[in-house]
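First chain A sits with chain B, and in the next complex the same chain sits with chain C.
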Partner chain A sequence: MALLEIESLHVGFRTRQGELAAVRGVDLAVEPGECVAIVGESGSGKSQTLLAATGMLAANGTASGRVAFEGEELLGRPQRLERVRGAGIGYVFQDALGSLTPHLTVGAQLAEPLMVHHGVPAAEARAEARRMLERVHVPDAAARLAQYPHELSGGTRQRVAIAAALMARPRLLIADEPTTALDVTVQAQVVALFRELRASLGMALVLVTHDLGVVAGLADRVIVMYAGRIVEAGPAEEIFAAPRHPYTAGLLEALPRLDDDPGEAMRTIPGSPPVAGPEAGCAFRERCRFAGSRCEERPELAAAGRRHVACHHPLGTGMGR
Partner chain B sequence: MNVLLEGRDLAVRYRLSGGLLRTRWLTAVDGASLLLSPGGTLGVVGESGCGKSTLGRALIGLAPLAGGELRWQGERVDGLSARGWRRLRRELQIVFQDPLGSLDPRMTVGQSVAEPLAVFEPALTRAGRRARVGAALERVGLTAAAADRYPHEFSGGQCQRIGIARAVILKPRLLVCDEPVSALDVSVQGQVVNLLRELRDDLGLACLFISHNLAVVRHLSTEVMVMYLGRVMESGPRDAIYGRPLHPYTRMLLDAVPVADPRVERHRSRTLPAGELPSPLSPPSGCVFRTRCPLAEARCAESRPPLEEAGPGHRIACHRWREWPAGVAGPPDR
Partner chain C sequence: MAGAGLWSDAWARLVANRAAMASAGLLVVLTLLALLGPLASPYAPDAIDWEHMAVPPSLDSDHWLGTDRLGRDLFVRTLHGARLSLAVALLATLVSLVIGVTWGAVAGFAGGRTDALMMRAVDVLYALPQVFFVIILTVVFDRSVFLLFVAIGAVGWLTMARVVRGQALALRQREFVEAAVASGAGPARVVFGHIVPNLMGPVIVYATLMIPQMILVESFLSFLGIGIQEPLASLGNLIADGAAEMETAPWILLVPASCLVLIVFAFNFLGDGLRDALDPRER
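Right after this comes the complex of A and B.
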């Protein structure tokens, strides 16, 4: 049984301009212990998919479809959601200041969920908080327990947020752009930490990010989203080595590398990601160099072995160029 | 080579409200020297708090210089009044990180782009101004019709193009770009980098390109300066910095950049700076990087390493750079 199962998830927002469709039918399953990266740019719906699945949508958002965690239905069941969020699923956000409570000391916010959800006595919860801080390599863990989030550096704060998310030993950790706000050397340290924690704690990790470099270091499986839909999915190594969707290929080419020829112009994808993709046809077609008349009809996500792609002209299959 | 801007030993200090009798100073930049020439780009890299943005601002009079000499076309400008800087602003422009935030949402794109014209070419007729705005917008890859619309109608990449149009409408000679692509989607970043490169080459601009993204900096820069905690660690021609980095910090920065290949990345071990960034209010004695450097020894705490010439134009501030071939914190083979 999959740990997390999402079926035909739709997410919409009521705005002054009318209903905005952010997620338009996403299916995905996360197996115990695996790391799935959900990759996409602004407006892809990657964050909203996970926020909706865990009942954390903004007030003007609505979700429909089916979400199950360890077989239990979650969507529209606020009490169950709250229990699962406290114990089964941990969440880490881009901005660690946002995932931590500003007026609580590090010790208090780490210990509290254990006391509330698991009835652990305060002294024991505090000792566990300290052990968890040491586990995520927060220097001087004992002293940090008495500090407030704003007293910590960006990197340490993100480590504390990760520790807080792991206190109840969740089976699933969702990390939404966990390294985006960090400096490059700190970023590399946090990626190494996630790798270490997965090996020692065995939890599943869903990484929501736009950063393909971070994905390469962590993910077993990659799901690429564009304009609210999954356009490609498959094993990380295969997707990086031979992307099938022209968007995935374009993203990989657009990534500047240290071994590029600096004399050449950077590779780009023309245009920009849509705020809300067109209802009809392939949402990427206006930016796609392979687009043809068939693309006015929306391609379904089709499976070929472990690879999935939603494209009428997939690359490397003899059907594209 | 004709030098447009020359900075020697530049320092920027901020006075902080300390206790009753004590004034505390924050040294944001200390001892930075640089040359900018038409068509050249100096990339300034480093992590948060390294002083790269402050340095960029100081070069165009937006941050106060506390020491050093700054020359614009040979003339001292470091003591210039705000008014003096305003006159120079015609030739020195800046592009900011946040494309939408740097445009006034209540003004049309045309009004925003025309702002510098109103200051420096007030005699221009309405039709003349409109023509100039249209040309500037077209120059950055937008249509002249964009002038009548509002910033929120544009994507992040387009807003950054608008910001660039405003910065180049007076045909400046120096452009400071402060993290101009950091807020943009990956698929769009390259468009803006390529545009900046075209403009630099076509207009013969001198550029200061400030970024934390080392791969992007490599694309655009002819020279690179690596900063840490307000000090220059290493500077030199691009190929020397990327191909033969000498400073332990430069090596660690380059080593931290991920490679988009799971086969490489999953098994990679890195040497990264130890511990945390010290407070800029009490920087370490001697070499400011020593508290995080695997090579630090006693003399690194005792004296500040001078910037020494390690090759043509390649300067490094490290007591131990000559030992590097046998260094212990070298990067993996690259």
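Right after this comes the complex of A and C.
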């Protein structure tokens, strides 16, 4: 049984301009201990998929479909969600300073989930907080417990936020752009930390990111989202070696490389993602080199071995060009 | 900022503010006087000195601040009045703090329809003439000092609820609230553990500025004759007494009036100082 199962999830937002569709039918399963990366541009629906799954959509958002965690249906079950959040599913956000409550010391912050979920007494929770800080390699952990978030450096804050998400020992950790707000050297340390924590704690990890560099170092499986749909999914090394969807190929080509000619302009995907509205045909066709008349009709996500791709002209199969 | 908590930082800024510190000192002295001063005087607040009626203030006699037209010692009566006025104001502020913060924080965090309903209720209560509301309450439930606390506080929470709701609405959008929800904290824990402590700054400032308002309301009601009644003394009914003798014995008005002005000024300065200290952008 999969740890987290999402079936035909739709997410919409009521706005003054009418109903906006952010996620248009996503199927996703995360196995225990697995690391899945969800990549895509801003607005592709990758964050909203996970927020909807954990019942944390904004007030004007609605979700439909099926979400099950360890076989328990979650969607529209606020009490069950409250129990699962923190204890079953941990969440790490992009802005570590923002996600730590400013008036609480690091110790109080870390102890809270343990006291909420497992009724652990305060002193014991604090001791566990110190152990968790050591586990995420925060130097001088005992002294940090008494400090406030604004007194810590950016990297330490993100480590504390990760420790907080792990306190109640969730089976699944969701990290939403965990390295985006950090500088490059710290990014590498955080990626290394995730790899180590996964090995030692054995939890599953879902990474939401637009940084393919982070994905390459961590993920077992990659899911590429575009305009609210999954356009490609498969094992990380296969997708990196031979992307099938033109959008995935574009994302990989857009990565700067060390052997790039410094005078040359960066490679980009021309155009920008469509505004969420009624869709007709393949959402990527207006930016796609290979778009043809068939692309007026929306391609279904089709399986080919361990890979899935939603494209009428997938690359590397003789059907492109 | 390193090594200093948010509060110790604010404390340092407050200590550097001379007007605020002087006001705080004055308030401490006045409170101690109001509590202990009457014990040091040989006169009871309702004792009549038949030989000294309406004598002016003088350091030579036993009545330092004079007596009223019934020969009661003004020093003792003013301190008693200050004690009662401060007690009413503090309790009324506490009542409005508890109701206002809870109401506002819940409305702001819940948002949507709940928020709209709760805040419309506040709007409706706002539209009622508040002094008449208090008058009706005291008439219906008979006069008592305790009721006065509750009646003033029950009216005073409205603005507090609005202040708090605005802050809570802004805080709700912050990522640390999302993170608290994500870690499984229930709504009550999120509101009282993560939102309320973060809006204590403006709340404390507003409360300090509310105390003098409450003193004035109490004085006003007592002046009208529906607040504290003789022989009990409050600053309001002492001033009402003095106003009647203003032309022949001005000190009967001036002594309690000066005390009221001092208290109100001190609280206002302290409130301003706290606002500056708790808002780092004000430097």
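By definition in this document, the second predicted complex is superposed on the first by the 316 of 321 C-alpha atoms of A that agree within 3 Å, B and C clash if a C-alpha of one lies under 4 Å from a C-alpha of the other, contacts with A are read in each partner's own complex, and residues count from 1 in each chain.
Please note the rule applied: contacts are C-beta pairs under 8 Å (C-beta built on N, C-alpha and C of every residue); 3 or more make two chains touch, one makes a residue touch a chain.
Please read all numbers here as calculations on a predicted model, not as lab measurements.
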Partners on chain A (chain B, chain C) - clash or fit: fit
Which of chain B and chain C A:56 touches, first, second, both or neither: second
Contacts of A:123 with chain B and chain C, given as first, second, both or neither: neither
Vertex chain A, arms to chain B and chain C (CA centres, degrees, nearest 10): 80
Touching partner for A:280 - first (chain B), second (chain C), both, neither: neither
Partner chain(s) touched by A:237 [first = chain B, second = chain C, both, neither]: first
Touched partner set for A:100, first chain B, second chain C, both or neither: second
Touched partner set for A:189, first chain B, second chain C, both or neither: first
Partner with the higher number of touched chain A residues, chain C or chain B: B
Touched partner set for A:214, first chain B, second chain C, both or neither: first
First (chain B), second (chain C), both or neither touched by A:199: neither
Overlay on chain A, chain C to chain B nearest C-alpha distance, Å: 9
Complex interface listing, chain A residues touching chain C: 54, 56, 59, 82-87, 90-91, 93, 95, 98-104, 112-113, 116-117, 148, 150-151, 161, 164-165, 167-168
Contacting residues of chain B [partner chain A, same complex]: 47-48, 155-158, 185-191, 193-194, 197, 212-216, 218-219, 238, 242, 252-266, 268, 270, 272-273, 275-277, 334
Complex interface listing, chain A residues touching chain B: 41-42, 139, 153-156, 183-189, 191-192, 195, 210-219, 236-237, 240-241, 250-252, 254-258, 260, 262, 265-270, 272-273, 275, 287
Sites on chain C touched by chain A in the complex: 1-3, 5-6, 111-112, 174-176, 178-186, 189, 193-194, 197-198
